[in-house]
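Quick heads-up: structures coming right below.
Each of the two complexes below includes subunit A, the first together with subunit B, the second together with subunit C.
This part shows the complex of A and B:
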């Protein structure tokens, strides 16, 4: 019974996600859905990412949290347009759903924007189940979280295109086996692109920024050929 | 519509949670519900906790994960009875619900057990919404997750009785303000008991173990007077 209700909710969500994707295509904007557990470092990564991409690549951000506008305040310092969604108005939802993104996207000026980054709610489970109309999905994982997270939360790693392994500056102080972590990610999803980085020191950002730029180029090329 | 469905699910859950609590009272077992984000250190804390409590206090554990039996394997090394719940059989549920605990509790021998620890799914959102029939709730937060998590995930901190601030051995290597973190927790819940510890070095465990022992004594005393 409960499963049937969830199925229906997801069907409605998928329909609206397709409408979102169509809207983003029309605007020519490439959309990244960035997900992680709470405190893995999404916002700090995005702060540095926006600084690296702008002004060459025009960015906008939609950021989801249950409460507070902390993340939006931090990200808007970069000068890009930022919309904050607080899901406490939606019953404290633990993920961003397509209809919530639809509303937020209508409130943000997307003409001339190349890249829309959606920072999802901090949660390794539910956000992975909800298509919001994005083109690519990124999961951020901190090395402090332990090597077994990919096998314990497999859906998240299965649906993502890139895994950012963050906080590698802390490796000397942890009993973490980075190769085991990488193997666990590859075991769940052999196709996923893995990038080790540190939002604190900036190491690994060149590879991450290149990946984003390549994705945008590829998207724009495919779109022009269509 | 979606909210109405959730309300109904929660009503059914509350009824079964009360049945669970009644069952635990009958068995004379005190029940702790331990929650956190993925990778905050619940299992490492519990490994050390079981070693400290046993054999004086007889323990049993129910551990929830979407996939894998990693945590149960680790915890059963302590010699206590451990039951692993994998929610991928329940649609990949992102929390433990009361009916799931009811089934698991019926499969574990609780006669003579003083303390049942339930290690919930790694998630700072949904587990806070589901009463599973426990007596007290504990949230584990790692200092690597950032000072703002209590204000971003307020419900979790509002419903818990103790907050374990873990991985304090990493403080010298982080830009973390522990006093700000403590203030943020107290702002959300002035009544909550805060304990700083490190599952790696063992610092802070004396206070945590004393808290558990006091809770069990208080529970048994209240029960004998009833």
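This part shows the complex of A and C:
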């Protein structure tokens, strides 16, 4: 006997993600989901980003890792509230799922916060599949990773709104072809916003910070109109 | 990556890929779809639709499913996976196309503003139950 089911496998996740988004909107918080492969430079980018945004824009951070609180320790030095999720305690996954964010968000004081940055677990595959209730998605790819990564992990580059091309200070020492990398990203997602930067030297940060500020303004404007 | 999940009062600790979480979700949805009047029933097959653009590898999912189905009504169940191609519609010229390579550009007007019509599916379509009547 065949029984019709007709359900999305990730129905539960998607429902909770929608609840999260509603909660963030109630609090007036704009939420960025930042994803990348391990070692692309998410945490260093965030350290510099927080320093540039604060105190004008009030930030909070949720950091996901399988183990350790290293990233949270680094980021909390900037003075912003940081919650570390170790997925080992939450069901040990290679991505952050919506229910994990729901729990973490309830533990963080979001009143008066303009921007919540969620640093996802280092992985170019799984996080792309899971909506966590964010408003915009950012992928970080460093020039040391190889120009073909966008083509190898198309979903990640398809679902993101901005791609940060990091570690461009290393270009003189590499054979990396940044134009090829940019073309590969554009081939997967012609509408993605590409920003070249270096978390080490700070080059390119102005454009990145302006993008975040514009997104927050746009979010607050549409929220006030709603 | 170490992982722990609670399933049917069992505590399973496994090295995982994210297909493991998805396999557990499939079992959860399938078990809840079994009609309540028929609690002895076994599930023979789970019919899935998986889009080519989803971050799910059918072989990995089957591997994970076969590990997690033990001691559930799906212990003998097979996954029947229908792969769904990536189809898109150009927002500029309206042309509809199937995308077979990692190249998201309109095959007619060469513009890149594509609306994805299919390819992100990760759906349970139906389950087949064993015939328990004797």
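In this text, the second predicted complex is superposed on the first by the 215 of 226 C-alpha atoms of A that agree within 3 Å, B and C clash if a C-alpha of one lies under 4 Å from a C-alpha of the other, contacts with A are read in each partner's own complex, and residues count from 1 in each chain.
In this section, a residue touches a chain if its C-beta (ideal position, glycine included) is under 8 Å from a C-beta of that chain, and two chains touch if they have at least 3 such contacts.
Keep in mind it's a predicted model, so treat the numbers as computed, not measured.
Applying the stated contact rule after C-alpha superposition, one finds that A:122 touches subunit B and leaves subunit C untouched.
Contact with subunit C, but none with subunit B, is seen for A:158 once the two complexes are overlaid on the shared chain.
Touch criterion met: A:94 reaches subunit B and subunit C at once. Within the superposed three-chain model, A:114 lies out of touch with both subunit B and subunit C [touch as defined at top]. Contacts of A:191 after superposition: subunit C is touched, whereas subunit B is not reached. Within the superposed three-chain model, A:70 lies in touch with subunit B and out of touch with subunit C [touch as defined at top]. In the superposition on chain A, contact is made by A:11 with subunit C only, not with subunit B. Overlap of the subunit B and subunit C interfaces on subunit A: residues 2-3, 5-6, 9, 66, 91-92, 94, 125-126, 129, 151-152, 154-155. Only residues 1-5, 16-18, 21-22, 25-26, 29-30, 33-35, 48, 53-56, 102-105, 111-113, 116, 122-129, 131 of subunit C touch subunit A when the two sit together in their complex. Against subunit C, in their complex, subunit A makes its touches with residues 1-13, 66, 88, 91-95, 97, 125-126, 128-129, 150-152, 154-156, 158, 186-191. Every residue of subunit B that touches subunit A in the complex is listed here, in rising order: 2-3, 5-6, 9, 37-39, 65-68, 70, 91-92, 94, 121-126, 129, 142, 144-146, 148-149, 151-155, 167, 169-170, 173-175, 200.
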